[in-house]
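Encoded as C-alpha coordinates, here's the structure I'll be asking about.
The chains carry the letters A, B and C, assigned in the order they are written, with residues numbered from 1 in each.
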Amino acid sequence: MEALLYWAGMAAVAVNAITGVLEAERKHMDMVGAITVATATAIGGGTLRDVLLNREVFWVADQAYLATAIAVAVLTFFWARQRPISEQLFLYPDAVGLALFSVVGAQAALQWHAPWLVASVMGVVTGVFGGVLRDVFCNQVPLIFLPGELYATVAWVGALTLIGLQELGVDGTTAAWVAMAVILVLRAAAIRFRIRLPTFNAPS
Amino acid sequence: MEALLYWAGMAAVAVNAITGVLEAERKHMDMVGAITVATATAIGGGTLRDVLLNREVFWVADQAYLATAIAVAVLTFFWARQRPISEQLFLYPDAVGLALFSVVGAQAALQWHAPWLVASVMGVVTGVFGGVLRDVFCNQVPLIFLPGELYATVAWVGALTLIGLQELGVDGTTAAWVAMAVILVLRAAAIRFRIRLPTFNAPS
Amino acid sequence: MEALLYWAGMAAVAVNAITGVLEAERKHMDMVGAITVATATAIGGGTLRDVLLNREVFWVADQAYLATAIAVAVLTFFWARQRPISEQLFLYPDAVGLALFSVVGAQAALQWHAPWLVASVMGVVTGVFGGVLRDVFCNQVPLIFLPGELYATVAWVGALTLIGLQELGVDGTTAAWVAMAVILVLRAAAIRFRIRLPTFNAPS
(Lines give C-alpha, C1' and ligand atoms only; values in the text may rest on other atoms or scores of the structure.)
Protein backbone atom coordinates (compact mmCIF):
# COMPACT_ATOMS: atom_id res chain seq x y z
CA MET A 1 0.00 0.00 0.00
CA GLU A 2 2.73 2.47 0.97
CA ALA A 3 4.73 1.69 -2.18
CA LEU A 4 1.61 1.93 -4.35
CA LEU A 5 0.79 5.37 -2.93
CA TYR A 6 4.38 6.53 -3.34
CA TRP A 7 4.67 5.64 -7.01
CA ALA A 8 1.13 6.75 -7.79
CA GLY A 9 1.97 10.14 -6.31
CA MET A 10 5.20 10.40 -8.30
CA ALA A 11 3.42 9.49 -11.55
CA ALA A 12 0.71 12.06 -10.87
CA VAL A 13 3.36 14.75 -10.26
CA ALA A 14 4.96 13.96 -13.65
CA VAL A 15 1.66 13.98 -15.57
CA ASN A 16 0.56 17.27 -14.01
CA ALA A 17 3.92 18.90 -14.76
CA ILE A 18 3.39 18.08 -18.43
CA THR A 19 -0.10 19.61 -18.55
CA GLY A 20 1.25 22.70 -16.79
CA VAL A 21 3.94 23.26 -19.43
CA LEU A 22 1.40 22.83 -22.23
CA GLU A 23 -0.84 25.51 -20.72
CA ALA A 24 2.14 27.84 -20.24
CA GLU A 25 3.05 27.29 -23.87
CA ARG A 26 -0.33 28.62 -24.96
CA LYS A 27 0.35 31.76 -22.92
CA HIS A 28 3.81 32.26 -24.48
CA MET A 29 5.59 32.16 -21.13
CA ASP A 30 9.37 31.92 -20.98
CA MET A 31 11.20 28.90 -19.56
CA VAL A 32 11.16 29.95 -15.92
CA GLY A 33 7.49 30.91 -16.15
CA ALA A 34 6.65 27.56 -17.72
CA ILE A 35 8.63 25.59 -15.14
CA THR A 36 7.05 27.58 -12.31
CA VAL A 37 3.53 26.95 -13.58
CA ALA A 38 4.32 23.28 -14.22
CA THR A 39 5.74 22.78 -10.75
CA ALA A 40 2.80 24.55 -9.13
CA THR A 41 0.41 22.37 -11.12
CA ALA A 42 2.31 19.24 -10.16
CA ILE A 43 2.63 19.79 -6.41
CA GLY A 44 -0.14 22.33 -5.70
CA GLY A 45 -2.89 19.87 -4.79
CA GLY A 46 -0.83 17.80 -2.38
CA THR A 47 0.65 20.95 -0.86
CA LEU A 48 -2.76 22.43 -0.03
CA ARG A 49 -3.84 19.09 1.46
CA ASP A 50 -0.78 18.94 3.71
CA VAL A 51 -1.09 22.58 4.79
CA LEU A 52 -4.79 22.10 5.64
CA LEU A 53 -3.95 18.93 7.61
CA ASN A 54 -1.15 20.85 9.36
CA ARG A 55 1.38 18.12 8.55
CA GLU A 56 4.77 18.26 6.86
CA VAL A 57 4.45 19.15 3.16
CA PHE A 58 5.30 16.04 1.11
CA TRP A 59 7.87 17.65 -1.20
CA VAL A 60 9.67 19.38 1.67
CA ALA A 61 10.06 16.00 3.38
CA ASP A 62 11.23 14.22 0.19
CA GLN A 63 12.78 16.38 -2.49
CA ALA A 64 12.49 13.64 -5.13
CA TYR A 65 9.01 15.00 -5.93
CA LEU A 66 10.33 18.50 -6.58
CA ALA A 67 13.23 17.18 -8.69
CA THR A 68 10.80 15.06 -10.73
CA ALA A 69 8.46 18.00 -11.38
CA ILE A 70 11.30 20.30 -12.47
CA ALA A 71 13.02 17.69 -14.64
CA VAL A 72 9.80 16.67 -16.40
CA ALA A 73 8.93 20.33 -16.93
CA VAL A 74 12.32 21.16 -18.50
CA LEU A 75 12.17 18.13 -20.81
CA THR A 76 8.59 18.92 -21.85
CA PHE A 77 9.49 22.57 -22.45
CA PHE A 78 12.23 21.75 -24.95
CA TRP A 79 10.24 18.94 -26.53
CA ALA A 80 7.17 21.18 -26.98
CA ARG A 81 9.33 23.86 -28.61
CA GLN A 82 10.38 21.33 -31.27
CA ARG A 83 6.98 19.89 -32.03
CA PRO A 84 3.68 21.26 -30.69
CA ILE A 85 1.84 18.75 -28.52
CA SER A 86 -1.90 18.49 -28.96
CA GLU A 87 -3.79 19.44 -25.78
CA GLN A 88 -6.34 16.78 -26.76
CA LEU A 89 -3.67 14.11 -26.50
CA PHE A 90 -3.41 14.82 -22.75
CA LEU A 91 -7.07 14.63 -21.79
CA TYR A 92 -6.76 10.96 -20.85
CA PRO A 93 -3.37 11.20 -19.11
CA ASP A 94 -4.90 14.10 -17.18
CA ALA A 95 -7.66 11.72 -16.10
CA VAL A 96 -4.97 9.30 -14.91
CA GLY A 97 -3.41 12.12 -12.87
CA LEU A 98 -6.80 12.96 -11.38
CA ALA A 99 -7.38 9.32 -10.38
CA LEU A 100 -3.92 8.95 -8.85
CA PHE A 101 -3.95 12.23 -6.90
CA SER A 102 -7.52 11.88 -5.58
CA VAL A 103 -6.89 8.41 -4.18
CA VAL A 104 -3.46 9.29 -2.77
CA GLY A 105 -4.87 12.47 -1.22
CA ALA A 106 -7.88 10.86 0.45
CA GLN A 107 -5.80 7.97 1.77
CA ALA A 108 -3.16 10.30 3.22
CA ALA A 109 -5.89 12.25 5.03
CA LEU A 110 -7.44 9.04 6.40
CA GLN A 111 -4.06 7.92 7.76
CA TRP A 112 -3.78 11.34 9.42
CA HIS A 113 -7.07 10.46 11.20
CA ALA A 114 -9.19 13.05 9.42
CA PRO A 115 -12.96 12.41 9.67
CA TRP A 116 -14.46 10.75 6.55
CA LEU A 117 -16.12 13.83 5.05
CA VAL A 118 -12.91 15.82 5.50
CA ALA A 119 -10.85 12.99 3.99
CA SER A 120 -13.07 12.84 0.90
CA VAL A 121 -12.76 16.61 0.42
CA MET A 122 -8.98 16.29 0.78
CA GLY A 123 -9.05 13.75 -2.06
CA VAL A 124 -10.84 16.27 -4.27
CA VAL A 125 -8.48 19.08 -3.18
CA THR A 126 -5.42 16.99 -3.99
CA GLY A 127 -6.89 15.96 -7.32
CA VAL A 128 -8.02 19.31 -8.64
CA PHE A 129 -6.15 22.14 -6.88
CA GLY A 130 -3.04 21.84 -9.05
CA GLY A 131 -5.18 22.59 -12.10
CA VAL A 132 -6.84 25.51 -10.30
CA LEU A 133 -3.42 27.03 -9.58
CA ARG A 134 -2.41 26.51 -13.22
CA ASP A 135 -5.48 28.38 -14.43
CA VAL A 136 -5.16 31.20 -11.87
CA PHE A 137 -1.48 31.72 -12.76
CA CYS A 138 -2.49 31.84 -16.43
CA ASN A 139 -5.18 34.39 -15.52
CA GLN A 140 -8.27 32.46 -16.55
CA VAL A 141 -11.31 31.23 -14.63
CA PRO A 142 -10.43 27.76 -13.31
CA LEU A 143 -11.96 25.22 -15.67
CA ILE A 144 -13.55 23.19 -12.90
CA PHE A 145 -15.70 26.17 -11.87
CA LEU A 146 -17.22 26.54 -15.33
CA PRO A 147 -19.98 24.33 -16.70
CA GLY A 148 -18.37 21.32 -18.34
CA GLU A 149 -17.91 17.58 -18.23
CA LEU A 150 -17.85 16.04 -14.75
CA TYR A 151 -14.46 16.52 -13.11
CA ALA A 152 -14.42 17.37 -9.40
CA THR A 153 -17.56 15.29 -8.95
CA VAL A 154 -15.77 12.25 -10.33
CA ALA A 155 -12.86 12.79 -7.92
CA TRP A 156 -15.30 13.01 -5.02
CA VAL A 157 -17.12 9.81 -5.98
CA GLY A 158 -13.76 8.06 -6.23
CA ALA A 159 -12.62 9.31 -2.83
CA LEU A 160 -15.91 8.22 -1.25
CA THR A 161 -15.50 4.80 -2.89
CA LEU A 162 -12.03 4.45 -1.36
CA ILE A 163 -13.26 5.42 2.10
CA GLY A 164 -16.49 3.39 1.93
CA LEU A 165 -14.77 0.19 0.81
CA GLN A 166 -12.27 0.36 3.64
CA GLU A 167 -15.09 1.06 6.09
CA LEU A 168 -16.70 -2.19 4.80
CA GLY A 169 -13.50 -4.10 5.56
CA VAL A 170 -11.88 -4.22 2.12
CA ASP A 171 -8.08 -3.93 2.39
CA GLY A 172 -6.47 -0.62 1.42
CA THR A 173 -4.64 -1.72 -1.72
CA THR A 174 -7.73 -3.27 -3.30
CA ALA A 175 -9.85 -0.27 -2.36
CA ALA A 176 -7.29 2.05 -3.93
CA TRP A 177 -7.27 0.15 -7.23
CA VAL A 178 -11.07 0.03 -7.36
CA ALA A 179 -11.37 3.75 -6.56
CA MET A 180 -8.84 4.67 -9.26
CA ALA A 181 -10.74 2.52 -11.77
CA VAL A 182 -14.01 4.23 -10.80
CA ILE A 183 -12.52 7.67 -11.40
CA LEU A 184 -10.96 6.69 -14.74
CA VAL A 185 -14.12 5.04 -16.09
CA LEU A 186 -16.43 7.87 -14.95
CA ARG A 187 -14.12 10.57 -16.27
CA ALA A 188 -13.67 8.81 -19.62
CA ALA A 189 -17.45 8.40 -19.87
CA ALA A 190 -17.97 12.07 -19.01
CA ILE A 191 -15.55 13.16 -21.75
CA ARG A 192 -16.98 10.70 -24.28
CA PHE A 193 -20.68 11.27 -23.65
CA ARG A 194 -20.44 14.92 -22.51
CA ILE A 195 -22.06 14.26 -19.12
CA ARG A 196 -22.77 17.50 -17.28
CA LEU A 197 -24.41 18.69 -14.10
CA PRO A 198 -27.50 20.90 -13.88
CA THR A 199 -26.73 24.64 -14.07
CA PHE A 200 -28.75 27.70 -13.23
CA ASN A 201 -31.61 28.36 -15.62
CA ALA A 202 -31.80 32.07 -15.00
CA PRO A 203 -30.31 33.84 -18.05
CA SER A 204 -29.24 37.03 -16.21
CA MET B 1 -17.97 32.27 25.83
CA GLU B 2 -16.94 29.00 24.16
CA ALA B 3 -20.54 28.19 23.25
CA LEU B 4 -21.12 31.72 21.96
CA LEU B 5 -18.05 31.51 19.71
CA TYR B 6 -19.04 28.05 18.48
CA TRP B 7 -22.56 29.01 17.41
CA ALA B 8 -21.46 32.39 16.07
CA GLY B 9 -18.92 30.58 13.88
CA MET B 10 -21.51 28.09 12.65
CA ALA B 11 -23.98 30.87 11.81
CA ALA B 12 -21.28 32.80 9.94
CA VAL B 13 -20.41 29.70 7.91
CA ALA B 14 -24.06 29.31 6.87
CA VAL B 15 -24.50 32.98 5.92
CA ASN B 16 -21.30 33.02 3.87
CA ALA B 17 -22.27 29.80 2.06
CA ILE B 18 -25.47 31.53 0.92
CA THR B 19 -23.65 34.59 -0.44
CA GLY B 20 -21.20 32.28 -2.23
CA VAL B 21 -23.98 30.45 -4.07
CA LEU B 22 -25.59 33.74 -5.08
CA GLU B 23 -22.35 34.96 -6.61
CA ALA B 24 -21.85 31.63 -8.42
CA GLU B 25 -25.38 31.93 -9.78
CA ARG B 26 -24.49 35.23 -11.43
CA LYS B 27 -21.56 33.46 -13.14
CA HIS B 28 -23.77 30.58 -14.37
CA MET B 29 -21.69 27.94 -12.62
CA ASP B 30 -22.96 24.37 -12.38
CA MET B 31 -23.86 22.72 -9.06
CA VAL B 32 -20.38 21.51 -8.14
CA GLY B 33 -18.87 24.87 -9.06
CA ALA B 34 -21.45 26.69 -6.94
CA ILE B 35 -20.98 24.38 -3.96
CA THR B 36 -17.20 24.71 -4.23
CA VAL B 37 -17.34 28.50 -4.31
CA ALA B 38 -19.88 28.55 -1.47
CA THR B 39 -17.78 26.26 0.71
CA ALA B 40 -14.63 28.27 0.02
CA THR B 41 -16.48 31.48 0.91
CA ALA B 42 -17.83 29.92 4.10
CA ILE B 43 -14.64 28.40 5.50
CA GLY B 44 -11.92 30.40 3.69
CA GLY B 45 -11.42 33.11 6.29
CA GLY B 46 -11.14 30.81 9.28
CA THR B 47 -8.91 28.45 7.31
CA LEU B 48 -6.38 31.18 6.48
CA ARG B 49 -6.40 32.30 10.12
CA ASP B 50 -5.68 28.78 11.37
CA VAL B 51 -2.96 28.16 8.76
CA LEU B 52 -1.25 31.46 9.64
CA LEU B 53 -1.44 30.62 13.36
CA ASN B 54 -0.05 27.14 12.57
CA ARG B 55 -2.86 25.46 14.51
CA GLU B 56 -5.32 22.73 13.49
CA VAL B 57 -7.79 23.99 10.87
CA PHE B 58 -11.22 24.30 12.51
CA TRP B 59 -13.21 22.31 9.96
CA VAL B 60 -10.67 19.47 9.88
CA ALA B 61 -11.02 19.15 13.67
CA ASP B 62 -14.87 19.30 13.59
CA GLN B 63 -16.52 18.28 10.35
CA ALA B 64 -19.88 19.77 11.39
CA TYR B 65 -18.70 23.05 9.84
CA LEU B 66 -18.00 21.42 6.48
CA ALA B 67 -21.31 19.54 6.54
CA THR B 68 -23.16 22.77 7.35
CA ALA B 69 -21.49 24.67 4.51
CA ILE B 70 -22.24 21.96 1.95
CA ALA B 71 -25.82 21.40 3.09
CA VAL B 72 -26.65 25.12 3.11
CA ALA B 73 -25.04 25.50 -0.33
CA VAL B 74 -27.07 22.64 -1.85
CA LEU B 75 -30.33 23.96 -0.40
CA THR B 76 -29.60 27.51 -1.58
CA PHE B 77 -28.63 26.24 -5.04
CA PHE B 78 -31.98 24.54 -5.62
CA TRP B 79 -33.92 27.36 -3.96
CA ALA B 80 -32.17 30.00 -6.09
CA ARG B 81 -32.96 28.02 -9.24
CA GLN B 82 -36.67 28.23 -8.40
CA ARG B 83 -36.82 31.90 -7.53
CA PRO B 84 -33.94 34.38 -8.01
CA ILE B 85 -32.75 35.88 -4.72
CA SER B 86 -31.96 39.58 -4.70
CA GLU B 87 -28.33 40.29 -3.89
CA GLN B 88 -29.54 43.40 -2.07
CA LEU B 89 -31.50 41.25 0.34
CA PHE B 90 -28.22 39.80 1.64
CA LEU B 91 -26.30 42.99 2.32
CA TYR B 92 -27.39 43.03 5.98
CA PRO B 93 -27.04 39.27 6.61
CA ASP B 94 -23.57 39.64 5.09
CA ALA B 95 -22.87 42.33 7.72
CA VAL B 96 -23.95 39.82 10.37
CA GLY B 97 -21.50 37.29 8.94
CA LEU B 98 -18.75 39.89 8.99
CA ALA B 99 -19.45 40.74 12.64
CA LEU B 100 -19.55 37.09 13.70
CA PHE B 101 -16.41 36.02 11.84
CA SER B 102 -14.30 39.03 12.83
CA VAL B 103 -15.01 38.58 16.54
CA VAL B 104 -14.61 34.79 16.46
CA GLY B 105 -11.37 35.15 14.49
CA ALA B 106 -9.76 37.75 16.75
CA GLN B 107 -10.77 35.87 19.91
CA ALA B 108 -9.37 32.57 18.59
CA ALA B 109 -6.06 34.31 17.84
CA LEU B 110 -5.95 35.87 21.32
CA GLN B 111 -6.52 32.49 22.94
CA TRP B 112 -3.65 31.17 20.82
CA HIS B 113 -1.51 33.88 22.50
CA ALA B 114 -0.99 35.97 19.37
CA PRO B 115 0.17 39.57 20.09
CA TRP B 116 -2.64 42.17 19.95
CA LEU B 117 -1.82 43.66 16.53
CA VAL B 118 -1.61 40.18 15.02
CA ALA B 119 -4.88 39.16 16.71
CA SER B 120 -6.70 42.18 15.30
CA VAL B 121 -5.41 41.41 11.80
CA MET B 122 -6.55 37.79 12.24
CA GLY B 123 -10.03 39.13 12.98
CA VAL B 124 -10.03 41.04 9.71
CA VAL B 125 -8.61 38.04 7.80
CA THR B 126 -11.30 35.73 9.20
CA GLY B 127 -13.99 38.28 8.42
CA VAL B 128 -13.09 39.17 4.87
CA PHE B 129 -10.95 36.43 3.29
CA GLY B 130 -13.91 34.19 2.43
CA GLY B 131 -15.29 36.97 0.27
CA VAL B 132 -11.88 37.53 -1.33
CA LEU B 133 -11.71 33.85 -2.30
CA ARG B 134 -15.26 34.03 -3.69
CA ASP B 135 -14.31 36.97 -5.90
CA VAL B 136 -11.00 35.47 -7.06
CA PHE B 137 -12.71 32.18 -7.98
CA CYS B 138 -15.30 34.19 -9.93
CA ASN B 139 -12.43 36.02 -11.65
CA GLN B 140 -13.16 39.57 -10.50
CA VAL B 141 -11.17 42.08 -8.45
CA PRO B 142 -12.05 41.42 -4.79
CA LEU B 143 -14.67 43.97 -3.77
CA ILE B 144 -12.84 44.99 -0.61
CA PHE B 145 -9.87 46.22 -2.66
CA LEU B 146 -11.99 48.62 -4.68
CA PRO B 147 -13.23 52.00 -3.44
CA GLY B 148 -16.51 51.48 -1.65
CA GLU B 149 -18.35 51.63 1.63
CA LEU B 150 -16.27 50.80 4.72
CA TYR B 151 -15.87 47.04 5.10
CA ALA B 152 -12.46 45.75 6.22
CA THR B 153 -12.03 48.92 8.28
CA VAL B 154 -15.19 48.14 10.20
CA ALA B 155 -13.97 44.60 10.91
CA TRP B 156 -10.68 46.01 12.20
CA VAL B 157 -12.35 48.53 14.50
CA GLY B 158 -14.54 45.73 15.87
CA ALA B 159 -11.54 43.44 16.48
CA LEU B 160 -9.67 46.26 18.24
CA THR B 161 -12.76 46.91 20.39
CA LEU B 162 -12.87 43.26 21.42
CA ILE B 163 -9.18 43.23 22.31
CA GLY B 164 -9.18 46.64 24.00
CA LEU B 165 -12.20 45.90 26.22
CA GLN B 166 -10.67 42.67 27.48
CA GLU B 167 -7.41 44.49 28.13
CA LEU B 168 -9.43 46.92 30.30
CA GLY B 169 -10.81 44.00 32.32
CA VAL B 170 -14.21 43.52 30.67
CA ASP B 171 -15.14 39.81 30.53
CA GLY B 172 -14.89 38.01 27.18
CA THR B 173 -18.58 37.42 26.52
CA THR B 174 -19.56 41.05 27.09
CA ALA B 175 -16.64 42.27 25.00
CA ALA B 176 -17.70 39.93 22.17
CA TRP B 177 -21.30 41.22 22.16
CA VAL B 178 -20.15 44.85 22.22
CA ALA B 179 -17.64 44.27 19.41
CA MET B 180 -20.25 42.55 17.25
CA ALA B 181 -22.68 45.44 17.85
CA VAL B 182 -19.97 47.95 16.90
CA ILE B 183 -19.34 46.15 13.60
CA LEU B 184 -23.03 45.83 12.77
CA VAL B 185 -23.83 49.48 13.53
CA LEU B 186 -20.79 50.84 11.68
CA ARG B 187 -21.37 48.62 8.66
CA ALA B 188 -25.06 49.51 8.51
CA ALA B 189 -24.18 53.20 8.76
CA ALA B 190 -21.56 52.81 6.02
CA ILE B 191 -24.11 51.19 3.70
CA ARG B 192 -26.84 53.70 4.57
CA PHE B 193 -24.79 56.89 4.44
CA ARG B 194 -22.21 55.73 1.84
CA ILE B 195 -19.24 56.35 4.12
CA ARG B 196 -15.97 55.92 2.23
CA LEU B 197 -12.25 56.30 2.80
CA PRO B 198 -9.99 58.79 1.01
CA THR B 199 -8.64 57.51 -2.32
CA PHE B 200 -5.81 58.65 -4.53
CA ASN B 201 -6.50 61.98 -6.21
CA ALA B 202 -4.19 61.41 -9.13
CA PRO B 203 -6.37 60.60 -12.16
CA SER B 204 -3.74 58.57 -14.06
CA MET C 1 24.42 36.26 11.01
CA GLU C 2 21.17 36.32 13.00
CA ALA C 3 21.24 40.11 13.27
CA LEU C 4 22.08 40.45 9.56
CA LEU C 5 19.13 38.26 8.61
CA TYR C 6 16.80 40.12 10.99
CA TRP C 7 17.57 43.59 9.64
CA ALA C 8 17.73 42.38 6.03
CA GLY C 9 14.24 40.94 6.48
CA MET C 10 12.92 44.16 8.03
CA ALA C 11 14.40 46.26 5.20
CA ALA C 12 12.89 43.94 2.59
CA VAL C 13 9.46 44.24 4.24
CA ALA C 14 9.67 48.04 4.07
CA VAL C 15 10.77 48.13 0.41
CA ASN C 16 8.04 45.71 -0.66
CA ALA C 17 5.39 47.68 1.22
CA ILE C 18 6.35 50.74 -0.83
CA THR C 19 6.09 48.92 -4.18
CA GLY C 20 2.71 47.51 -3.09
CA VAL C 21 1.28 50.99 -2.40
CA LEU C 22 2.56 52.27 -5.74
CA GLU C 23 0.78 49.45 -7.58
CA ALA C 24 -2.41 50.06 -5.61
CA GLU C 25 -2.23 53.74 -6.53
CA ARG C 26 -2.30 52.84 -10.21
CA LYS C 27 -5.50 50.88 -9.57
CA HIS C 28 -7.14 53.78 -7.67
CA MET C 29 -7.65 51.75 -4.51
CA ASP C 30 -8.70 53.47 -1.30
CA MET C 31 -6.46 53.61 1.80
CA VAL C 32 -7.47 50.26 3.28
CA GLY C 33 -7.15 48.57 -0.09
CA ALA C 34 -3.69 50.06 -0.59
CA ILE C 35 -2.51 49.12 2.90
CA THR C 36 -3.84 45.59 2.46
CA VAL C 37 -2.07 45.12 -0.87
CA ALA C 38 1.12 46.67 0.53
CA THR C 39 1.10 44.43 3.60
CA ALA C 40 0.43 41.34 1.49
CA THR C 41 3.29 42.29 -0.83
CA ALA C 42 5.60 42.88 2.13
CA ILE C 43 4.95 39.72 4.12
CA GLY C 44 3.51 37.36 1.48
CA GLY C 45 6.73 35.68 0.45
CA GLY C 46 7.98 34.92 3.94
CA THR C 47 4.51 33.79 4.97
CA LEU C 48 4.27 31.21 2.19
CA ARG C 49 7.78 29.96 3.05
CA ASP C 50 6.87 29.50 6.72
CA VAL C 51 3.54 27.82 5.93
CA LEU C 52 5.25 25.39 3.52
CA LEU C 53 7.94 24.63 6.10
CA ASN C 54 5.17 24.13 8.71
CA ARG C 55 6.89 26.49 11.16
CA GLU C 56 5.62 29.55 13.01
CA VAL C 57 4.91 32.43 10.62
CA PHE C 58 7.53 35.14 11.19
CA TRP C 59 5.17 38.09 11.63
CA VAL C 60 2.92 36.16 14.04
CA ALA C 61 5.95 35.46 16.21
CA ASP C 62 7.25 39.05 16.08
CA GLN C 63 4.70 41.75 15.34
CA ALA C 64 7.38 44.36 14.59
CA TYR C 65 7.28 43.15 10.96
CA LEU C 66 3.55 43.75 10.68
CA ALA C 67 3.82 47.16 12.35
CA THR C 68 6.64 48.13 9.96
CA ALA C 69 4.68 47.07 6.88
CA ILE C 70 1.55 48.98 7.94
CA ALA C 71 3.43 52.13 9.03
CA VAL C 72 5.49 52.27 5.82
CA ALA C 73 2.34 51.68 3.76
CA VAL C 74 0.43 54.52 5.47
CA LEU C 75 3.33 56.95 5.08
CA THR C 76 3.80 56.02 1.43
CA PHE C 77 0.07 56.34 0.79
CA PHE C 78 -0.08 59.95 2.00
CA TRP C 79 3.24 60.83 0.41
CA ALA C 80 2.18 59.39 -2.97
CA ARG C 81 -1.08 61.38 -2.83
CA GLN C 82 0.98 64.59 -2.57
CA ARG C 83 3.48 63.86 -5.29
CA PRO C 84 3.32 60.90 -7.71
CA ILE C 85 6.30 58.57 -7.35
CA SER C 86 7.83 57.20 -10.54
CA GLU C 87 7.56 53.41 -10.75
CA GLN C 88 10.92 53.48 -12.54
CA LEU C 89 12.54 54.96 -9.45
CA PHE C 90 11.78 51.74 -7.58
CA LEU C 91 13.19 49.22 -10.03
CA TYR C 92 16.55 49.15 -8.20
CA PRO C 93 15.16 49.26 -4.65
CA ASP C 94 12.94 46.38 -5.76
CA ALA C 95 16.11 44.51 -6.76
CA VAL C 96 17.44 45.17 -3.27
CA GLY C 97 14.26 43.70 -1.81
CA LEU C 98 14.60 40.65 -4.06
CA ALA C 99 18.22 40.12 -2.93
CA LEU C 100 17.38 40.52 0.76
CA PHE C 101 14.30 38.28 0.74
CA SER C 102 15.83 35.49 -1.39
CA VAL C 103 18.87 35.16 0.87
CA VAL C 104 16.87 35.45 4.09
CA GLY C 105 14.36 32.90 2.79
CA ALA C 106 16.88 30.29 1.67
CA GLN C 107 18.89 30.63 4.90
CA ALA C 108 15.78 30.25 7.07
CA ALA C 109 14.87 27.07 5.19
CA LEU C 110 18.41 25.69 5.59
CA GLN C 111 18.32 26.30 9.33
CA TRP C 112 15.00 24.44 9.40
CA HIS C 113 16.93 21.48 7.89
CA ALA C 114 15.22 21.56 4.51
CA PRO C 115 17.11 19.65 1.76
CA TRP C 116 19.19 21.90 -0.54
CA LEU C 117 16.86 21.89 -3.56
CA VAL C 118 13.89 22.70 -1.32
CA ALA C 119 15.87 25.47 0.43
CA SER C 120 16.78 27.09 -2.89
CA VAL C 121 13.14 27.03 -3.99
CA MET C 122 12.15 28.57 -0.64
CA GLY C 123 14.57 31.41 -1.41
CA VAL C 124 12.82 32.05 -4.71
CA VAL C 125 9.37 31.77 -3.08
CA THR C 126 10.30 34.27 -0.37
CA GLY C 127 11.79 36.61 -2.96
CA VAL C 128 9.02 36.65 -5.52
CA PHE C 129 5.72 35.56 -3.94
CA GLY C 130 4.94 38.95 -2.43
CA GLY C 131 4.98 40.44 -5.92
CA VAL C 132 2.79 37.61 -7.22
CA LEU C 133 0.21 38.35 -4.53
CA ARG C 134 0.36 42.07 -5.38
CA ASP C 135 -0.35 41.32 -9.05
CA VAL C 136 -3.13 38.80 -8.32
CA PHE C 137 -4.86 41.23 -5.93
CA CYS C 138 -4.61 43.91 -8.65
CA ASN C 139 -6.12 41.39 -11.11
CA GLN C 140 -3.24 41.15 -13.58
CA VAL C 141 -1.05 38.26 -14.73
CA PRO C 142 1.91 38.11 -12.32
CA LEU C 143 4.82 39.88 -14.00
CA ILE C 144 7.27 37.07 -13.29
CA PHE C 145 5.20 34.65 -15.41
CA LEU C 146 5.39 36.84 -18.49
CA PRO C 147 8.42 37.08 -20.78
CA GLY C 148 10.72 39.75 -19.43
CA GLU C 149 14.08 40.50 -17.90
CA LEU C 150 15.50 37.78 -15.64
CA TYR C 151 13.88 37.90 -12.20
CA ALA C 152 13.03 34.58 -10.54
CA THR C 153 16.07 33.05 -12.24
CA VAL C 154 18.32 35.59 -10.59
CA ALA C 155 16.80 34.81 -7.18
CA TRP C 156 17.39 31.12 -7.74
CA VAL C 157 21.04 31.59 -8.77
CA GLY C 158 21.57 33.69 -5.65
CA ALA C 159 19.96 31.10 -3.38
CA LEU C 160 22.09 28.35 -4.92
CA THR C 161 25.20 30.52 -4.40
CA LEU C 162 24.35 30.93 -0.72
CA ILE C 163 23.82 27.20 -0.25
CA GLY C 164 26.82 26.13 -2.35
CA LEU C 165 29.27 28.47 -0.58
CA GLN C 166 28.24 27.19 2.84
CA GLU C 167 28.54 23.62 1.58
CA LEU C 168 32.12 24.50 0.59
CA GLY C 169 32.85 25.69 4.13
CA VAL C 170 32.43 29.44 3.73
CA ASP C 171 30.86 30.98 6.85
CA GLY C 172 27.21 32.02 6.70
CA THR C 173 27.63 35.79 6.91
CA THR C 174 30.16 35.94 4.07
CA ALA C 175 28.05 33.61 1.95
CA ALA C 176 25.00 35.81 2.55
CA TRP C 177 26.79 38.99 1.45
CA VAL C 178 28.20 37.29 -1.67
CA ALA C 179 24.80 35.84 -2.59
CA MET C 180 23.10 39.23 -2.18
CA ALA C 181 25.77 40.85 -4.36
CA VAL C 182 25.28 38.17 -7.02
CA ILE C 183 21.54 38.82 -7.13
CA LEU C 184 21.95 42.61 -7.26
CA VAL C 185 24.57 42.53 -10.02
CA LEU C 186 22.70 39.98 -12.15
CA ARG C 187 19.37 41.77 -11.76
CA ALA C 188 20.91 45.16 -12.57
CA ALA C 189 22.58 43.64 -15.63
CA ALA C 190 19.29 42.04 -16.71
CA ILE C 191 17.48 45.38 -16.46
CA ARG C 192 20.29 47.29 -18.15
CA PHE C 193 21.01 44.87 -21.01
CA ARG C 194 17.49 43.40 -21.32
CA ILE C 195 18.64 39.83 -20.72
CA ARG C 196 15.82 37.37 -21.33
CA LEU C 197 15.22 33.63 -21.38
CA PRO C 198 14.19 31.61 -24.42
CA THR C 199 10.41 31.52 -25.00
CA PHE C 200 8.21 29.32 -27.12
CA ASN C 201 8.61 29.96 -30.85
CA ALA C 202 5.19 28.73 -31.84
CA PRO C 203 3.08 31.80 -32.70
CA SER C 204 -0.30 30.22 -31.85
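The criterion applied here is as follows: contacts are C-beta pairs under 8 Å (C-beta built on N, C-alpha and C of every residue); 3 or more make two chains touch, one makes a residue touch a chain.
Composition by chain, UniProt nomenclature: A, B, C = Putative membrane protein YeiH.
Computed from a predicted model, the values in this text were never measured in an experiment.
Visitor: Same or different: at the chain A/chain B interface, is the fraction of residue numbers used by both copies above or below half?
Guide: Because under half of the interface numbers appear in both copies, chain B and chain A meet with different residues.
Visitor: Between copies chain B and chain C, what's the superposition rotation on C-alpha atoms, in steps of 5 degrees?
Guide: Rounded to the nearest 5 degrees, it is 120.
Visitor: For chain A versus chain B, what separation do you get between their C-alpha means, in angstrom?
Guide: Centres of chain A and chain B (C-alpha means) sit 29 Å apart.
Visitor: Multi-chain contacts only, two chains or more: what residues does chain A have there?
Guide: Where chain A meets two or more other chains at a single residue, that happens at 51, 54, 136.
Visitor: Per the contact definition, I'd like the list of chain A residues that touch chain C in the complex.
Guide: Those in contact with chain C are residues 24-34, 36-37, 47, 51, 54-57, 59-60, 63, 66-67, 80-81, 84, 136-139.
Visitor: In their complex, what parts of chain C are in touch with chain A?
Guide: Of all residues in chain C, those touching chain A are 51-54, 114-118, 121, 136, 140-142, 144-148, 151-153, 196-202, 204.
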